[in-house]
Amino acid sequence: MARISRAEVERVALLARISLTDEESDRLVREFDSFLDYIDTLQEIDTEGVAPTAHPLSLPTPTRPDRPAAAMNVELVVANAPEAAESAFVVPKVIDTEAEG
Amino acid sequence: MSGLAQQFEVVIGLEVHAHLRTHSKLFSPAPILYGGAPNQSVHPICLALPGVLPVLNERAVELAVRACLAMNCEVHPRSIFARKNYFYPDLPKGYQISQYEEPLATGGWVDIAAEGEGDSAQKRRIRLTRIHMEEDAGKSIHDAAIAGADATLVDLNRAGVPMIEIVSEPDLRSAEEAGAYLRAVRSILRFTDVSDADMEKGHMRCDVNVSLRPRGSKEYGTRTELKNLNSFRFVEDAVSAEVARQTEVLRGGGRVQQCTLAYDPGTARTSVLRVKEDADDYRYFPDPDLIPLQLSADQIERLRAEVPELAEQRADRFGSEYGLSEYDAAQLTASPALADFFEVAARRHGAAKVVANWILRDVMQALNERELSIDASPLSPEALARLIGMVDENRTTVKSARSLVPELVESGGDPEALVAERGLAAVSDAGVIERAVAEVLAEHPENVELYRAGEEKVLNFLMGQVMRKTQGKANPSAVREILARELRK
Amino acid sequence: MAEGIGTLRELRAALDAGETSSVEIVSRCLQRAEACQPVLNAFVGLRAEAALREAEASDARRRRGEVRSPLDGLPLAIKDNLVQSGELTHCASRILEGFVSPYTSTAVEGLERSGAIVIGRTNMDEFAMGSSTEHSVAGPTRNPWDLDRAPGGSSGGSAAAVAARIVPAALGSDTGGSIRQPASFCGVVGIKPTYGRVSRWGLVAFASSLDQIGAFARTAADCAWVLEAIAGYDDRDSTSIPEPTPAYSGALDGDLSGLRLGLPREYFAAEGANAAVVKLVREAVSELERAGAKTVEVGLPHARYAIATYYSIANAEASSNLARFDGVRYGHRAAGAKGLTEMYRRTRAEGFGEEVKRRILLGTYFLSAGYYDAYYRKAQQVRTLLRGDFERALESCDALVTPTSPEVAFRLGEKTADPLTMYLSDVYTVSANLAGIPALSTPCGFVDGLPVGLQIIGPALDEATPLRIADGFQRLTDHHEACPGAFA
C-alpha cells in the first residue's frame, strides 16, 4: 500500500505549479514512497521540548535604517521579462475555471 | 426584518491591513511611492531576482510596536517572520513574508462608542486577537481596457510596502459597529503617526468576517469573508448586504456556506468569489533568510514612552485645559492634524473657545465645501489666530473676517494683507460713522420715535441699517456708541 | 593545449618577479578552458573579453605599484549560481535561460575588489541540487581523473576546472557537501566556511539555512587567500556573521603538535563506506599523529539521522526558494499557455529538470498542511540535537577528521536512476551544513587511481584550524600535487 496516493502527488504538483505527465506522476508516487520511508527514521527521535533551529548561530536581529535607495531604472526592471508592456510585466489572465490552490 | 434581526445576532470580526509610514519598504530599500508609473519604485529585492535577500527595516518595527502598544497589546520579546507560499503574479517571490505562529503581539483592545446613546454613550471594548507585520503584494491590473482581454499587467511598486495586520476578535455586532471600530483604528494609527491610514489612497484596507447565530447561542455560525474593502462606506454597506443575504438564507431554512465574497457597490450586493476549500494551503514556515525578531524589555519600554496621546486622551485634555465642551473636543480630535491645528491656533490667540468656534464653524465649512483636509489646506493656524485677533481689536469685523476664511483655506495668504487689499478694514472714523448715523436717523424717523418711547429693541434695527450703509465695515461698537448718543439727543 | 596553470602562489610569485603578466596568465587560462571544454564540459560560459580587459587593468596597476591584494591579476572561475552584473547566470537550468543579472553578488564583489579576474562560470547540478553535476541543462561535467566518471557535485565544474589546471581557484557553493564532495572526487582542496561567514547576497538560493559559498584551490594556502577576499560581514544578508574575518594565511604555520583531532566513531564504522577509502583516511590520521597531533574518539549519536534531516529541510526550503521562477519577470516562459495557472505549470514543467522537480514536490509536500510538524519542524528539531552533538564533540578536540565521501568518484549515470543512493553519497558532509560549522576536504591518496578526500571539520567561526591542519598535511604529503594524466 503506497503511503501517498497519486491524487496527493497531483495535489502537491498543483500547489507547486508544475504540470506532470502520467508517467511522471506514477514515478513520483513510487519515489515519494521510498523517500518518506527513509525520512520516517526521524520519528524515532524524541524531540519533545527541543527548540527547532532557526539559525545555526545565535545572532541579534539585524535591521537596516529606513533610508531609501535609488529605485532601479524601469528599463532594467523589465529587461529580463518574457513579456512587458512599457514598464509593466504582462501575464496571461486568470481563467475562472482554473484551480487556485 | 426587525423580527429577524432580533432572532439572529450578527457576529463580525475585522482584519485591518495598514501601511506603515516609512520611507522605504519592509525588506528592501526601494522608496515608497503611491501612484507612479508601473515598476518605478522597485529594487532587485522587490523583483525577487535570483540571489536577493531581505533585511528588516528598523523603522517599520518601531512603528508596528508603537501601534501594538497604543492598542494595548502584549508585544512579544521574540517573534518570527514566516513565509506564506502561494503563486500570484503580483507576489514576486512566490511567497509573502508575514508572521504566523509567533506574531509580534497578541491580545489588546480598541474602544468604540456604543451605538446611538448620545451624550451618555457607553464604550464597547473590542478585543484584538493579534497584530503582526507583513509585506504588501504588488498590483495586478486586470482592466481589459488597459491590459487587453487576455492579459494582466503587473506593477510591483507596492510589493514589499510594510504593513501591520490587526485582527479583531468576533466582537462586533453590526455594520455600524464595524464602521465605528474601523474609524477608531484609523484614529489610533493616525494619532500615533504609524500610518496615514487613508483607505481611499490604499494605506488601509480590510477583510471582514461575518456570521449570524440565533440570539442567545454561544456557538458561532458559519462565517463568510468579505475581501479587500477599501472605503468606510463599502465596509458598512457590504456588511449590511451580507447580513441581509445570510438572514435570507437562514430564513429560508438554508445553510450559510463558508466562502469568500466580493462586494459590488453598484448593486449593493455581495457575490461569491470562491468557495473555501481545503485547497488553501499556504505552507507557512519560518523564513530561513531572517533571524527571529528579538525585542528587549528596554526597547519595548522606550517605544511605549514614545506613544503619543490618542484622540480620546487629547479630547479629555482639551476639555480640562481649554474648557471646551465634550462635543467640541471630540470634533477637534477627529484627526491629529486638526487637533494640532487647533492647539497651535489656540495658544497663539489665547482664547481657546473662540478659536474652537472659528475652526468648527467657518474653517470646517470651507474645508468641507472644498473636500479638503486641514493638512492639505495652506491655511496656517498662526494665520487663523491673527485673523481672529484683528476682529478682537476691531480692526475688521466678524463678517469681513468670516468672508475671508474660504479664500484663506483655499489659497492661504496673510490675513492683514488680505483685509487691507479687499478694503475690509473696520471703519472707526467717527466722521464717516456720524454721517451714516445721521442719514439713517433721517430715513427712519418712526423708529427714532419708538426708541425714544422706550422700545430699545429698535436699536438693533438701526445698527443694521448703519452697517449696511458702511458695507459692513464700520466698527460695530463705535456705531453703537454714536447711535446711542445721537438718539439720546 | 596551453600548459596547466600553476597555483595562486606560484602565479603571484611569477607576476611579482616580472616573469609574466596578468594578460598572459588569463589568456592561457582562457585557451586551456576552450581546449578542455569538449572533453570536460566544466564551463557554461567564459567572459574572455571582459577578463582580458580586466587583466590589462591589473597589469597597469602592478606597473604603478598599486597591487590590491595577492589575488590581483589572477584568474578564477565562479559557479553558475553566483550573479555578476551584466553577466548571464543560469544555475544550469533552462528556467533561467537568458537571464542577465543587473547586480553583483557580495562574494564576486570581493573578488573584484581584490583585483582577481573572473574568467567564466562553471557547470553545476541544476540549482545546486545533486552530487554529480549530471543534472545540468548544459550536460554533465566529466571527472578529469576518469572521463567516464562524475566529478561530484553540485560544484563539479569548479572542482574539475581546478583539477584540470584550467584555473588556480574557483568559487562554489556547499549546501550539503557540494564543495567538499567534488573536491574529494577531483583531488583538490575545497572549503565550506561557517554558515554566515561569506554573504549569500547574490548566491541563487537552494536551501537558505544551509547554503554557504566557499572556495576550491589546489592548496589550503590558496584557499585561505580566496576566503580572505570573499568573507566578511555584509549588511545585505541578515544571516551574515557580524565578526571580522580572521587572517587565515597567517594561521598556516605548519605546526601540528599538540593538536587534538576527533575521530567520530559513527563515520568510520558506517556500513556502505569503501574500506579502501577508510584505510586511506586512517593513514592520513597516522601521518598527522606523527607530526604531533593527538587523536580522540568522539561520538555523534544523531549523525545517522543527518541525511533524513538534511533532505527534509533542504527540499522544504528549496520548494519555496524556487517559487520565484514563474515566468513572469525573467527567464523561461512556456509559449501559448491559456490562462495564468497553465502558464505557471507549463513554464515550471519545461524549465526545471527532473531532479529539481522531484525536490520541489517533496519539499512542497513536507510543508503542506498536516505535514509541516512531522517533517520540516521535526527536522529542525533534530538539527538542534545534531548541532549539540558537534558542539560537545568539538569541546574535546580542535577539529574532527573523517572521510569526505564514503566512496571515490562514481560512474556517470550510475546513480541517476536511484535518487536516494545519490543522496546517501553526502552522508559525511551534510552534518557540517546542518551544524553551520566550517569543513574542508583535502586530498589524502588514491584508490584505483581515483582521488580520496580527507574531511576536516572545525568549530563555528574557526575556519583557520581546518586550514592549518590541511596546510600542515600538505607540507608532509604530495597527494595534492598529483595531476590527472590527461591534463599534465
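Of note:
Read from first to last, the chains carry the letters A, B and C; within each, the first residue is number 1.
Methods note: a contact is a pair of C-beta atoms (placed from the backbone, for glycine too) under 8 Å apart; a residue touches a chain by one contact, two chains touch by 3 or more.
Model, not experiment: these values are computed from the prediction.
Nearest to the overall CA centre, using the mean of each chain's CA atoms, is chain A.
Across the two interfaces under comparison, B-C and A-C, the one joined by more C-beta contacts turns out to be A-C.
Each chain gets a centre from the mean of its Cα atoms; for chain A and chain B, those two points are 40 Å apart. Mean C-alpha positions place chain B and chain C at a centre distance of 56 Å. Between the CA-based centres of chain A and chain C the separation comes to 24 Å, rounded to the whole angstrom.
Across the assembly, chain C contributes residues 99, 102, 209, 235, 238-239, 319, 323, 326, 328-330, 340, 344, 364, 368 that each touch 2 or more other chains. Among the residues of chain A, those touching two or more other chains are numbered 15, 17, 52, 54-55, 59, 62, 64, 72, 78, 89, 91-94, 99-100. Contact with two or more other chains is made by residues 44, 47, 55-56, 87, 89, 152, 154, 281, 283, 288, 291 of chain B.
Across the complex, chain C is touched by residues 44, 47-56, 83, 85, 87, 89, 92-95, 152, 154, 278, 281, 283-285, 287-291 of chain B.
Those residues of chain A lying in contact with chain C across their complex are 4, 8-9, 12-20, 24, 28, 31-32, 34-35, 38-43, 45, 47, 50-57, 59, 62, 64, 72, 76, 78-83, 89, 91-95, 98-100. Contacts from chain C toward chain B in the complex involve residues 81-83, 89, 91, 96, 99, 101-103, 105, 200-205, 207-209, 235-239, 316-317, 319-320, 322-324, 326, 328-330, 340, 344, 364, 367-369, 372, 376. The part of chain A that touches chain B in the complex is made up of residues 15, 17, 52, 54-55, 59-69, 71-72, 74, 77-78, 85-94, 99-101. By the touch criterion stated above, chain B contacts chain A in their complex at residues 22-24, 29-33, 37-44, 47, 55-61, 80, 87, 89, 141-142, 147, 149-156, 274, 279-281, 283, 286, 288, 291-294.
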